[in-house]
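Multiple structures follow.
Shared between the two complexes below is chain A, which has chain B as its partner in the first and chain C in the second.
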Partner chain A sequence: MTNDKRGRIMLPWPAARRIAVNAGIVIGALATVYFLGTLGLYNLGFVAKNFPAFLHGAEYTLGLIAIVIPIGFGAGFAFGWGRTSHRWLLHSVSTAYVEFFRSMPPLVLVVFAWLITTLVVAKNPFLSARIEDVGGFAISMSVVALSLHSGSYQAEIIRAGINSVPAGQHEAATAIGLRRGQSVRYVVLPQMFRISLPALGNEFASVIKDTSLISAVGAVDLMFQGTNLASLTAVSGHLGDLTLIWLIVAFIYLLMTLLVSRTLQGIERRYRVPGLEAAQL
Partner chain B sequence: MTSAIAIVVAIIAFLAGLGAGYFIYSTPAAKAKLTVATNVPFPPFESYNDTLGRFVGFDIDIASLIANATGRQLVVRNFDNFDLLLTTVGNGGVDMAASGITMSGTQGAKRNLTMSFSNPYYNANQAVITLAGDTTTCPNNVCDQSELGNKTIGVQSGTTSEGWVDTNIKPFDPNNATDIHRYGSVTTELQELKNGVYEFMIIDAGPAANIVSGSSSTLKLLGTIITNELYGFAVAKGDPQSLVPSINTVLAQIKASGVYDQLLAKWFK
Partner chain C sequence: MIAVRGVHKWFGQLHVLRGVDLEVTKGEVLVIVGPSGSGKSTLLRCINLLIHPDEGDVLIEGVKVNSPKIKPEWVRQQVGMVFQSFNLFTHLTALQNVSLGLTKVKRMPGTEAEKLARYELERVGLADKADSYPAQLSGGQQQRVAIARALALNPKVMLFDEPTSALDPEFISEVLDVMVKLANEGMTMIVVTHEMGFAKGVADQVVFMDAGQILEAGTPAELFAAPKTERLRSFIGKILG
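The block that comes next holds the complex of A and B.
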């Protein structure tokens, strides 16, 4: 194995093989483009006409992401840390949280949160007199439920990160006179984050796509826009337009996911220490 | 360290206590919003307008007049599924439902047990849609069990279309050969009709005409099923917010002033 200047591992492939792979990708892409063309997919007028719909949807979905990721990460970090605690109360509360939210399909959680909120508010005259828009409030609760679902996965990632920092490091920090808090702040946390980042990126990408589930309880997000356009097209258009709608929706989700995962990869590169990658610890 | 944490916790608890106390003991203000539930697509009664980015339709226009009359701001909430909409409004999860809800007949009688209705605002029938190439005919464009029995039929679950099929087709079908496909949304129902999964789609006549005219001649209206259903706006059982009198006043006013006819002309071209 050889390494390049920045220490990345270079694959020992012959140049011919790499060229063949690249050519394969290009030919595959061209074939896909041609195939989609035969389906009548280049109806650009249709795309232009429905552009506002995708824009409204993307806006709403970005809003959802902006709520889900911080809440999920906050919960994940707090409960992940709780999982590694030696105090039984902290430990058992965190474990209960992780096991509960990890074991539920996200769609069930979303619908469940919506139903419970609506029922509780509607049946409680005190709350129903004070909460103006029960529907909107119930959707927010579904968003929180989805965040907590993601948080339970992130808790496990954080726990694994903390546990993978050898106990000797903490002991060494104590030996050179760092207090407990300092040792966590300067020794354990930086290493834990570096180890957890790839897995966290994975989870963020996954929860971005999961926000589409919120449309099941009445959010007018990208998924809803896709369904709604499809319903209008199911009446008048042809199958090509229908496919085009979902292609665009998929593409927008892809862009959002790429944006977040690329950002995280950037952070990952910024903080990496050659020779100390997660796999080698 | 520990005492600092204790002080922070004490301050947070104190502020939270103040907030909770304010929330509990302040008298609630009169509601400023009117939350209205609907189930799209059901044009021309309700649909989502992409360009405007909001819900529009005959029902929505009347709902916004009702909101104005009660001095509240209209908030439209879409439901994925008609059954869930009916349950939610019955339990007071939304203030009002405007979704082409039939309040008469057997289905209406059942619905009156779980929710309260305004005066009727629209008189509707059912209609049958098929693919343009279908050769079935209904005498005088009125369909009944003689044309629809022993066939494959698509309906949206929870609707009067489903109720009609269950009471008028199923019991008179000796071989139990009628195949009823029930869908949560009109979208799926339409796609499956176009895919040839079933033959006859039964839906309220208003949306049926709208669907067929927008289908660029791929679908046709086979005929109507005379059911004489009355549409009403639904509120929670017992009308805890006393909305029904206001709704009825608005309905009477717009019928007297001609606004109702203008809305009919606007949405049913």
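The block that comes next holds the complex of A and C.
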């Protein structure tokens, strides 16, 4: 055991410390659920019985996260860059994108994307598709809409990151003979990322939970499974079991958010510059 | 070696350079003095094309460099530049700052670039700081790394844009020492500075700029001992306090 600057007892290795903190959060949450169970608030056997449902839901939600984060980041990066452009068209299109998607409640976007896709495809006489066949595609469009919503937030994060790299950095890169693209790649981007990472991590953590909105248009994700089980249980009128369902759902969302945010913090550490902490730019 | 002929520059309505002529021969040290806003920094940036002149020519060894036929990246390899605010790449170590141009611009293999970068850091007395990040260095050390970064590309001329103006007084001399050493080694230099000691001791030629024009030019002795214009007289009075 070692002590930190403020005299608190610390584990000797940073990695061990981080694992201990994460394990503490997970075990603490599980212990709380178990403890409430021992009080007889609900029947823990209920979890075992419905385990496959939670598992399928978690799997589906992981899939949603794996789609929403890359698309959102891609859009955010592209339009954030566009926002800093001096070219009128690029700047205007990017600004319009950000302002539109940022101003829409994500649930409205999700429902709208589904409705419009279904209308256009199913009601189009040339495609002559049946509504049942369009379902999966319409949900995909909702996922894209949610990604673009997240992207509009990320675009602003990226824009702020680019703007906070001092102009002198690009000037110095140019002065040693780097081409514009090289200056961006080797000088501006790495610094922009270091500055943007904490805010990006925040947005990723936020959009993970927003994926639950996709259940509104029929995705069988974790939120859907929770709602489904709850409606079945509600018939029996057992409030404890109902509580348990949402505790489990909450716990799984917690796990996923932890996974992503801790990964981001790992990347943050890799980009850390000695003597120059995030707060000082 | 370096010639500036009738260079004009406008920033919107603002006429920053109003027909500037300069001639610097090989191995010569030219010091540019003048009040802020007189166009000194703009003039320096016209020489390595960080700013493109609107009128007039810039010639390096007889080659007109502000021509569409010449790649600006090539020009910038011939001309090293040191900035007032150092502008070291904050995410790279001192060594990486110096070697970036070697590997990416000169396409030198990594090990060779590192060896040369270490040598350049040694020249400015910072061999032991190779693995430090800029934020871990003092202002004077940062500026010396910046000089090494520019020297590594083996430029024909070095431009210094008020290299000591952002430094705490205690660090000024270590940077000036490096510059004096460089001048003694025969480097061609164009230096914008308010360090009158440096100008008197090292400069072969001094020009006084005001409002985008060169008002006076000559040896340091001529300019500082016997200023012809009232503008220069009052400027010297202010600088020397």
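The working rule: the second predicted complex is superposed on the first by the 235 of 281 C-alpha atoms of A that agree within 3 Å, B and C clash if a C-alpha of one lies under 4 Å from a C-alpha of the other, contacts with A are read in each partner's own complex, and residues count from 1 in each chain.
Rule of thumb we're sticking to: contacts are C-beta pairs under 8 Å (C-beta built on N, C-alpha and C of every residue); 3 or more make two chains touch, one makes a residue touch a chain.
All of these numbers come straight from a predicted model, not from anything done at the bench.
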item	value
First (chain B), second (chain C), both or neither touched by A:123	first
Contacts of A:108 with chain B and chain C, given as first, second, both or neither	neither
Dominant contact partner of chain A by residue count, chain C or chain B	B
Touching partner for A:274 - first (chain B), second (chain C), both, neither	second
Touching partner for A:175 - first (chain B), second (chain C), both, neither	second
Contacts of A:254 with chain B and chain C, given as first, second, both or neither	neither
Contacts of A:96 with chain B and chain C, given as first, second, both or neither	neither
Contacts of A:26 with chain B and chain C, given as first, second, both or neither	neither
Partner chain in contact with A:186 - chain B first, chain C second, else both or neither	second
Chain A-facing residues of chain C, complex	48, 50, 73-74, 76-77, 80-81, 83, 85, 87-91, 100-101, 104-105, 132-136, 146, 149-150, 153
Chain B-facing residues of chain A, complex	50, 52-53, 56, 118-119, 121-123, 128-130, 132-136, 138, 181, 215-218, 220, 224-225, 227-232, 234-237, 242
Interface residues, chain A side, partner chain C - complex	166, 168-169, 171-179, 182, 186-187, 190-191, 194, 271, 273-276, 280
List of chain B residues in touch with chain A within their complex	1, 23, 28, 31-33, 35, 37, 40-41, 47-48, 50-51, 53, 75, 77-80, 88, 91-94, 185-187, 190-191, 194, 211, 214-216, 219, 236
